[in-house]
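In this document, chain identifiers A, B, C, D and E correspond to the written order of the chains, with residue numbering beginning at 1 in each.
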Amino acid sequence: MKIDMNKRDSVIRMTGINPRTCMKCGKCSATCPSFDEMEYHPHQFISLVEAGRVDELMASESLYNCLACMACLERCPRGVEPAKFVEAVRNLKLREHGGNHLAPEAIPEMLDADLPQQAIVSAFRKYSK
Amino acid sequence: MQIEKKPLIVAFCCNWCSYAGADLAGTNRLNYPANVKIIRVPCSCRVNPLFILKAFQRGADGVIICGCHPGDCHYTTGNYYARRRITLLFSMLSYLGIEKNRVRLEWVSAAEGAKFAATMQSFAEEIAELGECKRLEDLRCKK
Amino acid sequence: MQRIGVFVCHCGTNIAGTVDVKTVAEMLGKEPGVVFSTDYQYMCSEAGQTLIQDAIKEHNLGGVVICSCSPRMHEQTFRKACAKAGLNPYMVEVANIREQCSWIHKDVAEGTEKAVILGRAAIAKVHLNAPLTAGESPVVKRALVIGGGIAGMQTALDIADAGFEVDIVEKNATIGGKMAQIDKTFPTLDCSACILTPKMVDCAQHEKINIYAYSEVEDVKGFVGNFSVAIRKKARYVDETKCTGCGICTEKCPVKNIPNEFNMGMDNRRSIYIPFAQAVPKIATIDPNTCNKLKTGKCGVCSKVCGAGAIDYTQKDEIIRREYGAIVVATGFNMIDMTKFDEFGYAQSKDVITSLEFERLTNAAGPTGGTLLRPSDGKHPHTIVFVQCCGSRSTTENGKPYCSKICCMYTAKHAMLTREKYPDTDVYVFYIDVRTPGKNFDEFYRRAVEQYGVHYVKGMVGKVAPRADGTLHVQASDLLAGEQLHIDADLVVLAGAIEPDKSARGLATKLTASMDTNDFFTEAHPKLRPVESPTAGVFLSGVCQGPKDIPETVAQAGAAASKVIGLLVKDKLTCNPCVAQSDELLCNGCSGCEHVCPYGAITYETKEFMQFDRSMKPRRVASVNPAVCQGCGACTVTCPSGAMDLKGFSNRQIMAEVDAICK
Amino acid sequence: MQEMIKSKLAELLSTGAVTKVIGWKRGENFYDVSPAAFESVESLADFVYDDFCGANLSKFLVKEPGKESKVAVVLKPCDTFSLNQLIKENRVNRENIFVLGVPCEGKLSEEKMRVMGIVGLTGCKVEGDKVTVETLYGTETLDKNDVLLTKCATCHSKKHVIFDELIGETGEDSDVDRFVGVAELEAMSEDERYEFWRNELSRCIRCNACRNACPACTCEKCVFDNDASGVAAKSNANSFEENMFHIIRAYHVAGRCTDCGECSRVCPQHIPLHLLNRKFIKDINTFYGDFQAGADAESEHPLVHFTENDPEPSIVKEGK
Amino acid sequence: MKLVKDLSALYEAIAAVQELYLPVENKGRVDFKLYEAGANVDIKTLKTVRSAKDFFFTQTETLMGFKVEGKNIEVEDLRPEVRPFVAFGVRGCDARSFEVLDKVFLVDPVDTVYEARRKAGTVVTLACGRPEETCFCTNFGITPEAPAGDVTTWLTEEGLYWQANTDKGEALTAAIAAVFTEGDGKAVEEQKKAISDIIAKLPLANLDMTHLEGVKEETFWGHPVWKDISETCLACGTCTYVCPTCQCYDVRDFDCGNGIERFRCWDSCMYSDFTRMAHGNNRNTQDQRCRQRYLHKLVYFPRRNEGMFGCVGCGRCVAKCPSKLNIVKVIKALGGK
């Protein structure tokens, strides 16, 4: 069981949510359509992040079983938004692959009139460290 | 005894809501900057524009007035009058080119200790950003 | 210049922990006018007060500054102590170096510096203080209780038993409140009606209690001891003095399909109705929104069948104005609207019900005569799912951030009663935490689990979806098993959050009583004055102050009553001496102050003033009635010449504080 | 016109209807017109009503004993608003006042001529839109608009709101946008506004003419004169006191100022003080609904009134 | 005769040796300001709004301080340090006003602040090229075509003619010698003549003052003019504060929080609290105050100062009074009987 508080802090920074606001009611997992496919269930994402056990999550298939349907986010009574945590751990994983997936220099040639600016910004945010 | 000279903030708090809210912030140990100094008044409607100007003359860098939320005034209507008076005064100060962030009015109830602390924190930050109040200063008081 | 004594309190380590009290006492001792300065462990203690009193005598002090906790806490204590030593109590100022200094700062140097500044401000103010003498105002020996639920009734009975007149204002057609709708009470499982209805009758029959049912508070004027309240007695269209409550009209009325509020809309009543059999007062009421006669002028059946001739279609709302010495708020609660939580399917299926609806479904006087049947098809449910914390402990906009407190216990009660009566049902309770602090509470809950075999599952229900076959698909977490459960239920019962009655907000404004962000009334002090509102003369009883169960409510109701009695036994109240006063020589008669005074305390008269040429010139000048003025100061700022000033918070005093803080 | 007024006043004095008339009196030259009291028909010989009768006479009524004797006062349309306001505030006893309304086409300012560099003034003739000025150094012809008193250039009403008798016709509310000057300042940056007002207010010599001429400033004792008020001052020791005096003065008359413009007219330093008062008027109109002080003698002034939905002070920040 | 062709060179030269104050225009109004490069100097406008008395008798003057620390009070001398300065462009009337002020401030006990400023100041006067209808200085023996002063100057087509009258004037002249050329002075004579011609036409140039000679202090006390004037006098201080000879002041304390600053500031006898004392006020009504103001200038002051009037005829009050009340009307009213 590896504890990595840096990763924990990264996830918290990326989500902007304090995992301690979770009161462990399980409503997220109760509502999750992919519950049975997941090794770690939505409420466990929160608990493990809080405990600094992000590596376990990163290694788990659960990351990709989440459909990002946002039901957990919608239902959570405390505004913890588990889906954001899943997404944040996914990003951590992505960034771990080394290098930037999208370099700033690469952006100008991707620009065209039909591409929404917002898409580029969000892609850049997601794919570069 | 000399602590670094910080921007000085005078807070007029109504006795029934905001002063109690400040007390609650204290009870909950919610920190806010020490350069905020509170003056207790019975109601936000007791705050005379003269007091606000006087505070600036004496070297205050920001003045904040806190009262009960509209509708909750202990005296029924005091804060409604205060709202008009203070709105007009703030507008006039801005019209004279005084930075409009130097003054603020906030409604803080007796239950809003956290809001009180957060308000003071953010106001103190705003004033720190503006720095010393030069436009309403009286150098005689700064010696 | 006053001779001032400064007393710095350690408050144990509360102050001394972050403020160097010795330095504060030393620094303040150097201030002009300060002739004595010291510090002490606990200034508010007997020994501390004696210290102050001795110093007043020894040093002939004319003013006292106490650097301690908030003046809201101990200003009165210190004023009284100083008064005993012969000092006018209004020559005392408190510098708040605990709540607004030591408790919020960690750095000792910082805390000490601020404490010194706050002390200086208090010294500057005391220099300008003047001895004040309080006036007196008479007390009207009658109390008003707003709300006729168990809280209001208990308060009224207790006050009335002490010999004071009490009026109860209830907005519904009968008193009784929520408790009248409840079937059994936890943890003893005694019948709610059996213990409530005798109290209702007591209220009705008590010679000191007067019930204004179907009435609301219209406006409130005045102040402690002298409130003047306008009560709107809504038109019932039935003459109260004639109606015998026989109920014939309620059987003959042709408008039959009105959802019955008492049974949570699960059956119907007529347009003319008596809410329930034991209603007090037992008088019929016509619902003006549905009555044919009132809407179209055609019908009049009730009038024809009434043997007493009590029906009066021309009745109008009546405004009654009465004087009271004290007001008790007992406005109670409601369950929040569950339709906003679409995950629970409350709006989609009749078989998803609230706990209060469940109470009616199991009550002998309820729509099913006490047999538990599914509202949709009237069949016996075999699988029942109870969901707790529906909307409680939720920081989302639909929910409430607080714990509703009563749900754990009544859900255990529901589950237990169901299993007892219908052993063939499967009962699931989904909980986040089970909270059972209270006498015999946890035992009760454990009995439900251990003896009655209720399935308690830790986890939340995520989704309730009605199926085509009429069952409800419940999807939930079992956190301990790490599973997602799928249950086919026949009935789902939601333990919705409770919230203060909607009328409370408007009432708080009329009373100028403060509320918290959840619309619960704030108490004067959370620990020490839990049944008083910060507004003098306004008291709190029951759930209007915060969630409570019945025994707590009754206890608080009694406490509120004792506070009211304590007020009403006084013949006179000491007025606040910090009132406005007008300087006739400066007043120019513009009437601005008169317009802004919320109490009508300012009047004008024309007086003749001698001019410098010795001629007399008439001028209107303001004068303040000190018994009516409450000291808000609105007038002082309206007055451009400063003719109007506030004793105790004068312009000069506040400016002196500003000066001291800024120097 | 002047003769009609004079004969009416003579009638009032001779019949004993009034014992005193407050009007204007001719002095040394064409622009030398002083407010004056006339107590006999003979003294009315010096009475004048012409293009230089800018002074608002309503304030002089505050000094009147308010009983027994009756006083006639000659008021231009804008002056009647001031009188109404004074009646509302019980500073003048309506029953002892006879108001003679006189029409006004805008009054002239010799000070404006001087600022234009036209000095040595000896004579003046107004013909239509043109003003011909005789000076020691020649004759100049000017546009009347250029030498109108500031208050007249943005006149808000030519209607008499209170009078016992009119000489000539009363006019209508004007549709001139009197808030242009305020809006120009509002459009500036904070720094520009600060510089603007510093330049203006730094000239203040604290002569108190603005206050003493103002019909709304009728305090028995002004806070700035009252040593017990804590803010008394006799001079502007520095920029703070300049600001303080003018902010508080404008604030104290906010909601009561009828926009008569006397403050700017009497200022020896030509500080545009009306821009302070008008800012309050504009704000009150914007925030709390249109309000004209003195339009009647009954309605409550906006600062002793409120609605539950008044804007919050943060509107100042959200605005410019 | 010394002549300066380039005025800005003159200003620069003076400013290089001493502080230079001169009339500067601001939005159509002219007042004396410290010279700085690029200043909008206006020496054509005849009269500054404020008189030149500010040079020696400023509106507010800090005198001393009391520094309070704990229970100790320390007295501080806060009188300003006075540096040599040049007052340029002063008109004849204002120049005379200094003599009036000297009679008040330089007699025993000498006002040290005033004295220091008087010594430090070099007064450069300027002949009045275009006298105005409000001027009546000639009634007081003032010669606007050749005003007194340490230096007298004339602004002509050719340039500024410069004539030093005193040692101080000579010293200044020597210090800036480089800016001068020689002129024939004809233009000066022409200007003097032109000014005299205009003065002859001035409406107020020849007031009858004989009735004021040798009168007793109480002669005019019961005169009706006081009531007439006070009826519409606003009791503001405009006349006093624009007047070059009004020399009354109040000494006040300002509480700065840490101590007191004692300062003096102009006061006006028009104000209701003027000379108020513990027992009350000497003059309670506005007619008494008006009487004081005018009789002080016209009767009391001359009686004590060899007939020198306390008025120099600058005409500022004539132009500035909001109610158009002024000393000329009083002089005439008293003469008319």
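Everything that follows uses one rule, which is that contacts are C-beta pairs under 8 Å (C-beta built on N, C-alpha and C of every residue); 3 or more make two chains touch, one makes a residue touch a chain.
None of these values were measured; they are calculated from a predicted model.
Under the contact definition, chain B and chain C share the contacting chains D, E. Setting chain E aside and leaving every other chain in place, the chains that still touch stay joined as one piece. The central chain here, found by comparing per-chain C-alpha centres with the mean of all protein C-alpha atoms, is B. Put simply, the chain farthest from chain E by mean CA position is A.
The chain pair with more C-beta contacts between its two chains, of B-E and C-E, is C-E.
Once the centre of each chain is set as its mean CA position, chain A and chain E turn out to be 80 Å apart. Centre-to-centre spacing of chain C and chain D amounts to 53 Å, using the average Cα coordinate of each chain. Centre-to-centre, using mean CA coordinates, chain A is 42 Å away from chain B. Rounded to a whole number, the gap between the C-alpha centres of chain B and chain D is 36 angstrom. Shared contact sites, meaning residues of chain E that touch two or more other chains, fall at 254, 257-258.
Residue positions of chain A with contacts to 2 or more other chains are absent.
In chain D, the positions touching at least two other chains are 223, 230-231, 237, 303-305.
By the document's touch criterion, interfaces exist between A-C, B-C, B-D, B-E, C-D, C-E, D-E. By the touch rule above, chain B contacts chain C in their complex via residues 1, 3, 8, 10, 15-17, 19-20, 22-27, 29-32, 34, 37-43, 45-51, 54-55, 58-60, 68, 71-78, 81, 85, 109-112, 117, 141. Those residues of chain E that touch chain D in the shared complex are 26-29, 31, 45-46, 49-50, 59-60, 130-133, 198, 201-204, 228, 231-232, 234-238, 240-242, 250, 252, 254, 263, 265-268, 271-273, 318-320, 322-325, 328-329.
Partner chain C is touched in their complex by these residues of chain A: 21, 23-32, 35-36, 41, 43, 71, 75-79. Interface residues of chain D facing chain C in the complex, by the touch rule stated above, are 65-67, 89-91, 218-223, 226, 228-231, 252-253, 300-301, 303-305. On chain E, the positions that touch chain C within their shared complex are 68, 70-71, 255, 257-258, 284-285.
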